[in-house]
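Naming follows writing order (A, B, C, D, E and F), and every chain is counted from residue 1.
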Amino acid sequence: MSDGLIIDQLKRNQILDLLKEGKRVDGREFDESRQLTIDLNVIPKAEGSARARLGDTEVVAGVKIQPERPFPDTGDKGMLICTAEILPIAHPSAETGPPTPDVVELARVTDRGIRESGMLDMKQLVLEKDKSVIGIFCDNAVTDHDGNLFDACSYASTAAINSCKIPKYEMQDDAPVKVEEQFTEPPVTTLPVSVTMAKIGEHIVVDPTIDEWSIMDARITITTNSDGNVVALQKGGHDGFTAEELIKCSEMSIKAGAKIREIIKQSK
Amino acid sequence: MGGRDTDIVLLDENGIRCDGRKVNETRKVTIKAGVLKNANGSAYIEFGDNKILVGVYGPRDVHPKHMSDTDTGILRCRYHMAPFSVGERKNPAPSRREVEISKVIKEALEPAVMLKEFPRTAVDVYMEVLQADGGTRCAALTGASVALADAGIPMRDLVAGCAAGKAADAVILDVNNEEDQAGQADLPIGYMPNLKKITLLQLDGILTPEEYKQCIEIGIDGCNQVYEIQKKALQDKFFANGEKQ
Amino acid sequence: MSDGLIIDQLKRNQILDLLKEGKRVDGREFDESRQLTIDLNVIPKAEGSARARLGDTEVVAGVKIQPERPFPDTGDKGMLICTAEILPIAHPSAETGPPTPDVVELARVTDRGIRESGMLDMKQLVLEKDKSVIGIFCDNAVTDHDGNLFDACSYASTAAINSCKIPKYEMQDDAPVKVEEQFTEPPVTTLPVSVTMAKIGEHIVVDPTIDEWSIMDARITITTNSDGNVVALQKGGHDGFTAEELIKCSEMSIKAGAKIREIIKQSK
Amino acid sequence: MGGRDTDIVLLDENGIRCDGRKVNETRKVTIKAGVLKNANGSAYIEFGDNKILVGVYGPRDVHPKHMSDTDTGILRCRYHMAPFSVGERKNPAPSRREVEISKVIKEALEPAVMLKEFPRTAVDVYMEVLQADGGTRCAALTGASVALADAGIPMRDLVAGCAAGKAADAVILDVNNEEDQAGQADLPIGYMPNLKKITLLQLDGILTPEEYKQCIEIGIDGCNQVYEIQKKALQDKFFANGEKQ
Amino acid sequence: MGGRDTDIVLLDENGIRCDGRKVNETRKVTIKAGVLKNANGSAYIEFGDNKILVGVYGPRDVHPKHMSDTDTGILRCRYHMAPFSVGERKNPAPSRREVEISKVIKEALEPAVMLKEFPRTAVDVYMEVLQADGGTRCAALTGASVALADAGIPMRDLVAGCAAGKAADAVILDVNNEEDQAGQADLPIGYMPNLKKITLLQLDGILTPEEYKQCIEIGIDGCNQVYEIQKKALQDKFFANGEKQ
Amino acid sequence: MSDGLIIDQLKRNQILDLLKEGKRVDGREFDESRQLTIDLNVIPKAEGSARARLGDTEVVAGVKIQPERPFPDTGDKGMLICTAEILPIAHPSAETGPPTPDVVELARVTDRGIRESGMLDMKQLVLEKDKSVIGIFCDNAVTDHDGNLFDACSYASTAAINSCKIPKYEMQDDAPVKVEEQFTEPPVTTLPVSVTMAKIGEHIVVDPTIDEWSIMDARITITTNSDGNVVALQKGGHDGFTAEELIKCSEMSIKAGAKIREIIKQSK
């Protein structure tokens, strides 16, 4: 057995033993997220930005807004694209170079959570139908990695988009021209919030740390909206969930998500 | 969920869907195991209008060596769409969508494959979508399970795939392409019927907690139906082999 | 000597010994192709498609047709592009990732055989000169590899293009719009068919299997059209041919090609 | 030097620049060492409106091994801009500009780092520009020195960075974004104050030999000012650590 | 064969081609061996308006090692066009056309190079097209043979390259750029005159069986002419070396 | 200590010992460039070209000129882009594949030296403001590498651009059309010339050979224009310079550059 595996095995035994006693290594309840701090406007030159600290995991999200030519079949809607990258400063194992499958998944799950929730009313972001629409790019940069990047990127993105200012554009000669110093509020309809749960043995815990992450059996990320509905899901890891566990997870995510949503709301 | 405007009637007054199915009915699924000559195991699946070819190679050596694991075998999955498989010709280079689906399917298969039985080696599962019609990931996962079994890879269970979803405010089974484009939610499920574990779960769209629960229930029903077809395909292959002897 | 080489050497000796007696491992004549089966319309949603089985080699070709903006200097002609890829399901040695030189050559030879033959009258594929033309993409996916991919891709492509349906487009406001449910026949002028021959020692055999391929000295692919003219050539392998051998090869390709052409014709 | 036409007054009749500074004044610089949890050393620097985060990992093993050197440690540097750091969203893939700046900063740091002390290993310096405002390479270099020291990497000196330049025909210190766009020359300098060596020097724009000389002089003054702030940041970190104990 | 519409007269009533040649005449070919300082062997060839520089390195070690072969040396070829070599500036990244031509030339040279004489090593042949004018692959192959011989690589024969083709319904030798664009067929040939073997053969265009035969015959004639120029270039180099001693 | 390092160390000692006696290995003065030969028009089909031989270092620069659509914010200026690549024929260590950081730096320094000098009056290269401008691409191909590629590329580029012929274009229907056989001279305002100096121990030498390059401590490339002003700088290498050394280097570059400029001028 390789050294790394032995350490992982010991770590897993330690974490599992505690879980059997109803405890987590850092003293949290099973259904409790780590402390979340949101700092808005940390990149003042961007049209929106937020730093989310979830325990020792840290993400900076920046929003850039610029006019875009819409795709042929969606000329009546604005564009919203979220990305994510793990900066090499974030962890010794983070790699430079093209995105790994893990990073591609992180970016796509972050994007889906925002997009599928209908967070923004995209019909309000049209400058001229089929010609020019508002494009909103929310890029997440993970700066410190202590596990559960899904949720940290979700919170940073939601907070950054929720607090962004949309520059005003006017169409002149078929081209959008920025009107200096005029901004509108983003057309926010709901605040999507993801909650990731790890399954370790028979136990399910919210917001796993990097140690819990490295030894978990399976995970599920459930994003809910302000109405308490489920808007995105992503299962991962090398084991599965029973149907009962998945119902329980959705309840945990609604409950834990509501608390997070309050923090994001109050940050504005 | 594109939420695209469309004139299509997803569900008529008699509860019949745009392709003639009832809400709790899957499309027609046919699977044939052992269709490729070179692969160690293979399957061809038609899941509605989806047509997918799966080939499995391995267990085999891993290059470069440091990618292998002395304690366990590794599973590598590639989900790939042919350029001609979709409406507008697809660029042959793998998209980020294909990278993500490959990963999700890999993690859906891992619970079923007894990887510890072949340490230091890899099993490669290649899924080639020849024609796509909504629900390709469930279909690919379903075919991959059969191809793995056909290759003689030791498995705890087969993983069956089938989506649940929501269209015209109704919970439906096995979302097709029109329902995916114009409907309200698509919830693909991968399920091991024997072990009663869900190993793939994603969601595009919006569901109330109650609808979510119903979707999981109906989706498991669908997977159980698909499971029977998987087992039949393997029996047919086994029986055919028997005949040849 | 490495193990792989010893096996190749043994295999070569066995094949050569048989060839000296006028025999091939699978019992075929030297100038005989393996059995060819063409199944049309295997991908009903594509505008054209064919599965070609040449012995145990199998290729699926799919044709997609869509309007394209022409290049500045060819605004009076449609576009026709053939590609080829070896799927990793096809053989244990097939690689994912960017195309190897072998695959690039396969794709380019496949494309040249169709294009240089003038199979389609490209002047008939113009929607509006210099503005919009019909683009025909024929993508070949090798699904099982038992040697001689050149010919299998040639047959699949010719059969798929020969049997495709071209959707009707009308120009509206300078943009092509599809007319639903209306199709025209492709403007086929000739049926190009490639025949690949391997030189093994002093012997030349048509349509080499993967075993013959792996131990051959040189190969030549000769594509002929319905008139029995030569429309494309590609020599490969680490040896050469005499002028006499090349004349003989062209005769073999015309003869073997004529049989193949009949099979493709009758498949429609 | 874009030499872009603009209405901006780069220097008024009182010798005051567009952002209120005198010609020989730097922008406000603040540095905080030890800001990241995982990195072996780190620094956050604000240099005017530039905001840059630097993380240092190492000395650590090199993969693949043949990239390492049995006689010396190696320094690897990556300068990278976040997509949201500039006016128009930047493509996340590294540009040729970023590749060049990474190399120039690496060669500016090498004279300061005692690489022979950790043979066979590498020290990685990752500079992440979160917000850019002209002079990012000097700011990144300045932050990188502090992060290296914070990581405990043995160093001969800190390298301080500050640009000199020319705008409205005057030699100026610490060129900001407007002066970079509309001005006449930008001469970024990296300097080891203790060893009195210039380790980074580039130029965009046109300078007479006399102006070149003045730029170097004023630039060294600027670096000396930045050096004091670097030392203070390290003292603050050390003092804070002392407090914790 | 673009079959491009053009006003150019490819063959006049006296059987004279657009560049003044007769049908069975090659363009002017000049070759100089040993033109590069660092390469182990080199040649500069002008073949009509084609200008190509070839450098050979090796036999030398192969990295990574598993790419080498314990039983034989390997030949690696790169055919590459400078951005300024063609009418419209070429993107510097290697195109699929360049990848294919590199492979075809490699397989044209392999029969001539005694690879078994230097097992475990590689010989690299780099062909750089500085100016292109139709027939670059034949010209590059011709120059590569000379550069290999100049490098002292053991060879069975030189490979000479020359295209045959068809324009204005006539079989012609050594197709130039105009004839390639507006003509009917281009059949590049690589030939070992001593061993009487054709090692490169391709075709763009349409030929009757009789024309095909004629093209091969006239093409071999052309290669024989080119062969004399190759040998002369090597003699000149050898003689010049002799003089120096 | 590895073999390569021992050889480098011996080479360095030998070079340093000579420098202490005021000598260089090849007999040059410290402030003397190697012999420069410029051959113009070596690629007659290009709009401009030059081969620069600096000792045994050799570079071919080719200029291609074609109309381009300008970037939105520079519609009143032509485009000028210089690139550089080290061909694999140039040196055993040269690599094929994507450009290394060394090559990226070489290309960017070459480009900056030409561009920042204002060598061409770009305002004269506009066909129609905001619609079409003259694009000038000067690509440098290093064919033999004996050190100091910066200067060789600078000289080849300056000579090639200085001697190029700009085709005449006329706007027809909003598109530029070439007028055959009509050319204008490039609007040259100054001749930029770079001079690279290596610091070896306490000594500074102009135009280092590849041996000097491999053992130097630091280097600086200073580009001056016809007026003797400094227009570009690039410091490299693993050591630094004192302020006094840098002043001295600028004087050396002005002096050595003036001689080079005469050679480039007279080549035309």
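In the analysis below, a residue touches a chain if its C-beta (ideal position, glycine included) is under 8 Å from a C-beta of that chain, and two chains touch if they have at least 3 such contacts.
Note that the coordinates shown come from a computational prediction; the quantities given were computed from them, not determined experimentally.
Participant: For chain C and chain E, which third chains touch each of them?
Facilitator: none
Participant: Can you give the shortest number of steps from chain B to chain D, where adjacent chains in the path must touch?
Facilitator: Minimal hop count between chain B and chain D: 2.
Participant: Among B-C, A-D or D-F, which pair gives essentially the same interface as C-E, with more than half of the residue-number contact pairs in common?
Facilitator: Equivalent chain pair to C-E in B-C, A-D or D-F: D-F.
Participant: Using each chain's Cα centroid, which is most distant from the centroid of chain C?
Facilitator: The most distant chain relative to chain C turns out to be D.
Participant: What whole-Å value do you get for the distance between chain B and chain E if each is reduced to the mean of its CA atoms?
Facilitator: Here the centre of chain E sits 52 Å away from the centre of chain B.
Participant: Roughly how far is chain C from chain F, going centre to centre by Cα mean, in whole Å?
Facilitator: Centres of chain C and chain F (C-alpha means) sit 48 Å apart.
Participant: Distance from the CA centroid of chain A to that of chain B, rounded to the nearest Å?
Facilitator: 27
Participant: Got the chain E residues that touch at least 2 other chains?
Facilitator: Chain E, residues with two or more chain partners: not present.
Participant: What positions in chain A touch 2 or more of the other chains?
Facilitator: none
Participant: Have a look at which chains touch which and call the overall pattern line, ring, star, complete or other.
Facilitator: ring
Participant: If we trace the ring from chain E over to chain F and keep going, which chains do we hit, in order?
Facilitator: So the chains, read around the ring from chain E toward chain F, go E, F, D, A, B, C.
Participant: Which of the residues in chain B end up touching chain C in this complex?
Facilitator: 36-39, 42, 49, 51, 53-55, 57, 60, 78, 80, 82-85, 87-89, 92, 124, 126, 128, 130-131, 133
Participant: How about chain F: which of its residues touch chain E in the complex?
Facilitator: Within the complex, chain F touches chain E at residues 42-46, 49, 56, 60, 62-64, 66, 83, 85, 87-92, 96, 137, 139, 141, 143-146.
Participant: Flag every residue of chain F that touches chain D in the complex, lowest number first.
Facilitator: It is residues 1-2, 5, 73, 99, 101-102, 104-105, 107-108, 112, 116-118, 218, 220, 225, 228-243, 246-247, 250-251, 254 of chain F that touch chain D.
Participant: Which residues of chain B touch chain A in the complex?
Facilitator: Against chain A, the touching part of chain B is residues 1, 4, 69-71, 96-97, 99-100, 102-104, 107-108, 110-111, 187, 192, 195-209, 212-213, 216-217, 220.
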